[in-house]
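As structure tokens, the structure follows; a few thoughts come after it.
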Amino acid sequence: MTDFKKDFPILDKEIYGKQLFYLDNAATSQKPNLVLDTISDFYRSDNSNIHRGVHYLSEISSEKYEKARQKVCDFIGAGNPDEVTFTAGTTDSINQVARSLEPVLKGNEVMITGVEHHSNIVPWQLAGAKLRAIPMDFDCNLLMDSMEITAKTKLISISHVSNVLGSVNKIKEITGIAKDHDIPVLVDAAQSIQHLPLDMKDIGCDFLAFSGHKMYAATGVGVLYTSERFSDIMPAKGGGGMVDRVTLEETTYLDPPLKYEAGTPHIAGAISIGAAIDYMQNIGMGRIRKHEHEVYSYARDRLLETDGVTVYGNTEEMCGSISFNLDGIHHYDTGLILDKMGIAVRTGHHCAQPLMRSLGTEGTVRASFALYNTKEDADMLIEGIEKVRMMYA
Amino acid sequence: MTDFKKDFPILDKEIYGKQLFYLDNAATSQKPNLVLDTISDFYRSDNSNIHRGVHYLSEISSEKYEKARQKVCDFIGAGNPDEVTFTAGTTDSINQVARSLEPVLKGNEVMITGVEHHSNIVPWQLAGAKLRAIPMDFDCNLLMDSMEITAKTKLISISHVSNVLGSVNKIKEITGIAKDHDIPVLVDAAQSIQHLPLDMKDIGCDFLAFSGHKMYAATGVGVLYTSERFSDIMPAKGGGGMVDRVTLEETTYLDPPLKYEAGTPHIAGAISIGAAIDYMQNIGMGRIRKHEHEVYSYARDRLLETDGVTVYGNTEEMCGSISFNLDGIHHYDTGLILDKMGIAVRTGHHCAQPLMRSLGTEGTVRASFALYNTKEDADMLIEGIEKVRMMYA
Amino acid sequence: MRDAVQDEIIAQFDGLEWLDKYGLLISYAKELEPMDERFRNEENSISGCQSKVWIRTYKEDSRLIIDLDSDAMITRGIISLLLKVVNNRPPQEVLDLDLYFIDEIGLKSNLSPARADGLASIIRRIREVAEREVN
Amino acid sequence: MRDAVQDEIIAQFDGLEWLDKYGLLISYAKELEPMDERFRNEENSISGCQSKVWIRTYKEDSRLIIDLDSDAMITRGIISLLLKVVNNRPPQEVLDLDLYFIDEIGLKSNLSPARADGLASIIRRIREVAEREVN
């Protein structure tokens, strides 16, 4: 295994005079030089607004933006690039779907799971839908057989991977069941796009949402995949670039993807997603998966072996995040002390309060891994935890 | 006058072997080194998700993000930073207001003007409001006396400066009238924030929207100022970071500004707006205004003197954009030929179809100026126009 | 496969500066027979162009006749060249054509999906018509 | 204006490594009298903290008595120090206090509005109470 850390300039950093061990990747990932250079080069030599420009820079910028769309299309195995729209992030993507489907959802139900991030809860509430969760067992395995689909269930919206537990939900099983009931499925891929190969044709979902910043790209940009089947829903936002003919009385819209991209998009951000995909594909998603699986399993095993540590969740496939608590020690204390040893983890409810309630805790310590993390990082984490326990002995 | 061009690396560029003359600033502005370095430094040494982080990088990032909010607050003379939220851009800001006010707007009326950008038209239509425009004269001066406010008028939403004509609308007169009728006012400052000093206390509007990318900052970020008076409207989007307590049944929200910032914001973008403000304030908004006014007036006068050129709009105060057409020559032809001389202008309807209809044209050529443009750029434009006319002679 | 008409166009544009290329396009535009006013309507227009473009097609002796026009001169010039190459041919030939001249005279950028100009849309439309006629 | 209690705290923390500072905070936390369970309720809690913090205040002989507690040890340690400085003083004195020890022992970051920890919220709440008692 090559050392990918060298591609990420920030990982060289020292904090409090100690080497940084960054294990907060589920919150946001660091950026490789390829992404940093792409952003910088864009602003330094191409920057212009896109579409409808007659001039050179506008043309270059538009071309790079559309090339990024094509890369996303290929990366997620979408049917065609018109199914890919750039948004401001996962949260924005999900809110857009909630807004567009509001006429159908209002007064009806959306089926989620018990591990969802607030971004896959609150938008549906704002759209006037009631929420039901697919039941799960103590280890946070979804109990598909107990899922109660009713006549009011108008959408199933599930995370692919839990940002808290790292549990991988069996989304293909769910799209299968949904197909039988002719219910559309949205997959929140915020925590899977950077870890697992995704193929829209294979998964068979109708919407897919993810963020650039968690997949080694810029902040403020994300993607919403909308299957061609839904190419005629109302746009969630209105503005420049998405209309055909505008009068004060009436407006007609362009076809997707433009219809769903009101206003000037995050051009540099979209292009940075293209670069992040290039970076990952240069390594190979299979190789990334293999390496991450090794490090993740190693870290999880070591945590499970450590006295006085409770690890949450246990499903067949896992990746990214591991949540735990040190018995009798507040997660916040653990986080603060680890920080002073240079180990960056996140603590708290991780925007998943309903899950915290199921786990019977106020919060957890979460260590989350990216392609650049190594077994050494896991060892440091364990060492840190031992030190915290000693301080509280 | 110092040469500001040296601060903008892209302006050194040659296209088709000719020096670039960038006059498409109303579409998007170029970025000074200060902004470029700020973005790059953020990703290379601070990058982390903000708020609720226990670790060092998260704290640094949060601090820089909140500092940017404070800078915006001071720059626009807001009452306090809680009135400032970061959005994805002007279009997103306006859509958020439309979404939040939808219960009030639906079936009622929004008063706009005849020069509005589609981004200040379509969101209101999507929210179910009818639009009326303040009448204007041939020169595109708003005729405030003819404005018909009815019992159904629930909002006045006007651009400060037209992106097509460069005409400055008298927003203080409008907020005055609005106050008498107790109607809230949204100001679309997409084309004024980079040219004119703004003071919320003086202007007295309730909402103000603008984009980072047009004020020398990153793409994908913008601002929505929401007066404290409206601190209890419903958030337009739901997600992480904006909630207090979440259950599947019910959710309570944090106070502004967090309430209006669902999901991971464009952290690097917000910080880049702070840097752009620093850049402008280092020069001084007064000095920028003076220089831009000189160049703008010079360019406009030269265009007016040129045979066979029709210039659109003529109001007391003007800045930024100048729209024109060469008699008998399609705007698209003009734009294409200017491009090949290195002169970047925009052509078409500029996302303002209703205005095009009033002007009796399908489109215009638009030259738009920023702080780095000079009289030499204006001379080049005139030279280019002469050449276009010769080619069509 | 090279094609004499395209090669001749390429030779004409070879070595010209951009402004001279545009000058040449304008003179080609002037040669183009304007479309009858009454056909320049919404129904015949091709969307996705910054300039308006109208198209009419019909078959004559198993050849595809294409009538194109635009309100912008440079678009007219490009259209005029395009018609020299594609007009008045059997539909299958139209489908088989490799329009390499566009790239070689430097107008490829006008073909990019990014460019709202819509030369790409025009060609796509012509291909659709040809395809329909073949089947 | 320097203040003896704060100066003593500063002297104690002076020169310590971060982990030792936290060790010291933990021992201060252990000294702190826990708040009666029944007062550790929603009503008395201060929001905006990652750990739970509860506050009760009352006046005794024109002095402001403050009772604080938290479920996290480091927060308890900070609270314990804070109480040494602000507790049992006339409200006006509380308002006049410059809490420089926080900065000097290196906890300023816990004060930043960015940090959800909420030491800033705790201090704000104490000031509000004192202000109310003064007026």
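Order of writing sets the chain letters: A, B, C and D. Residues in each chain are counted from 1.
As a working rule, contacts are C-beta pairs under 8 Å (C-beta built on N, C-alpha and C of every residue); 3 or more make two chains touch, one makes a residue touch a chain.
The chain list, named the UniProt way, goes like this: A, B = Cysteine desulfurase; C, D = Fe-S metabolism protein SufE.
Given the structure is predicted, the values throughout are model-derived calculations rather than measurements.
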{"item": "A-D compared against B-D, more contacting pairs", "value": "A-D"}
{"item": "Chain A (Cysteine desulfurase) and chain D (Fe-S metabolism protein SufE), separation of their C-alpha mean positions in angstrom", "value": "38"}
{"item": "For chain A (Cysteine desulfurase) paired with chain C (Fe-S metabolism protein SufE), centre-to-centre distance based on mean C-alpha positions, whole Å", "value": "45"}
{"item": "Computed distance of Cα centres, chain D (Fe-S metabolism protein SufE) from chain C (Fe-S metabolism protein SufE), in Å", "value": "77"}
{"item": "Residues within chain D (Fe-S metabolism protein SufE) bordering two or more other chains", "value": "50, 116-117"}
{"item": "Contacts with 2+ other chains: residues of chain B (Cysteine desulfurase)", "value": "16, 52-54, 332, 336, 347-348"}
{"item": "Contact pairs between chains, per stated definition", "value": "A-B, A-C, A-D, B-C, B-D"}
{"item": "Residue ranges of chain C (Fe-S metabolism protein SufE) in contact with chain A (Cysteine desulfurase) within the complex", "value": "47, 50, 109, 112-117"}
{"item": "Complex contacts: residues of chain A (Cysteine desulfurase) adjacent to chain B (Cysteine desulfurase)", "value": "9-10, 13, 15-16, 20, 22, 24, 27-28, 30-31, 36, 39-40, 43-49, 52-58, 88-92, 94-95, 98-99, 112, 117-119, 121-123, 125-126, 131-133, 211, 213, 218-221, 234-243, 245-251, 262-269, 332, 335-336, 338-339, 343-348, 351, 353-354, 357"}
{"item": "In the complex, chain A (Cysteine desulfurase) residues that touch chain C (Fe-S metabolism protein SufE)", "value": "50-54, 59, 62-63, 65-66, 244"}
{"item": "In the complex, chain A (Cysteine desulfurase) residues that touch chain D (Fe-S metabolism protein SufE)", "value": "16, 329-330, 332-333, 336-337, 340-341, 347-348, 362-363, 387, 391-392"}
{"item": "Partner chain A (Cysteine desulfurase), residues of chain D (Fe-S metabolism protein SufE) touching it in the complex", "value": "18-19, 22-23, 26, 50-52, 71-75, 116-117"}
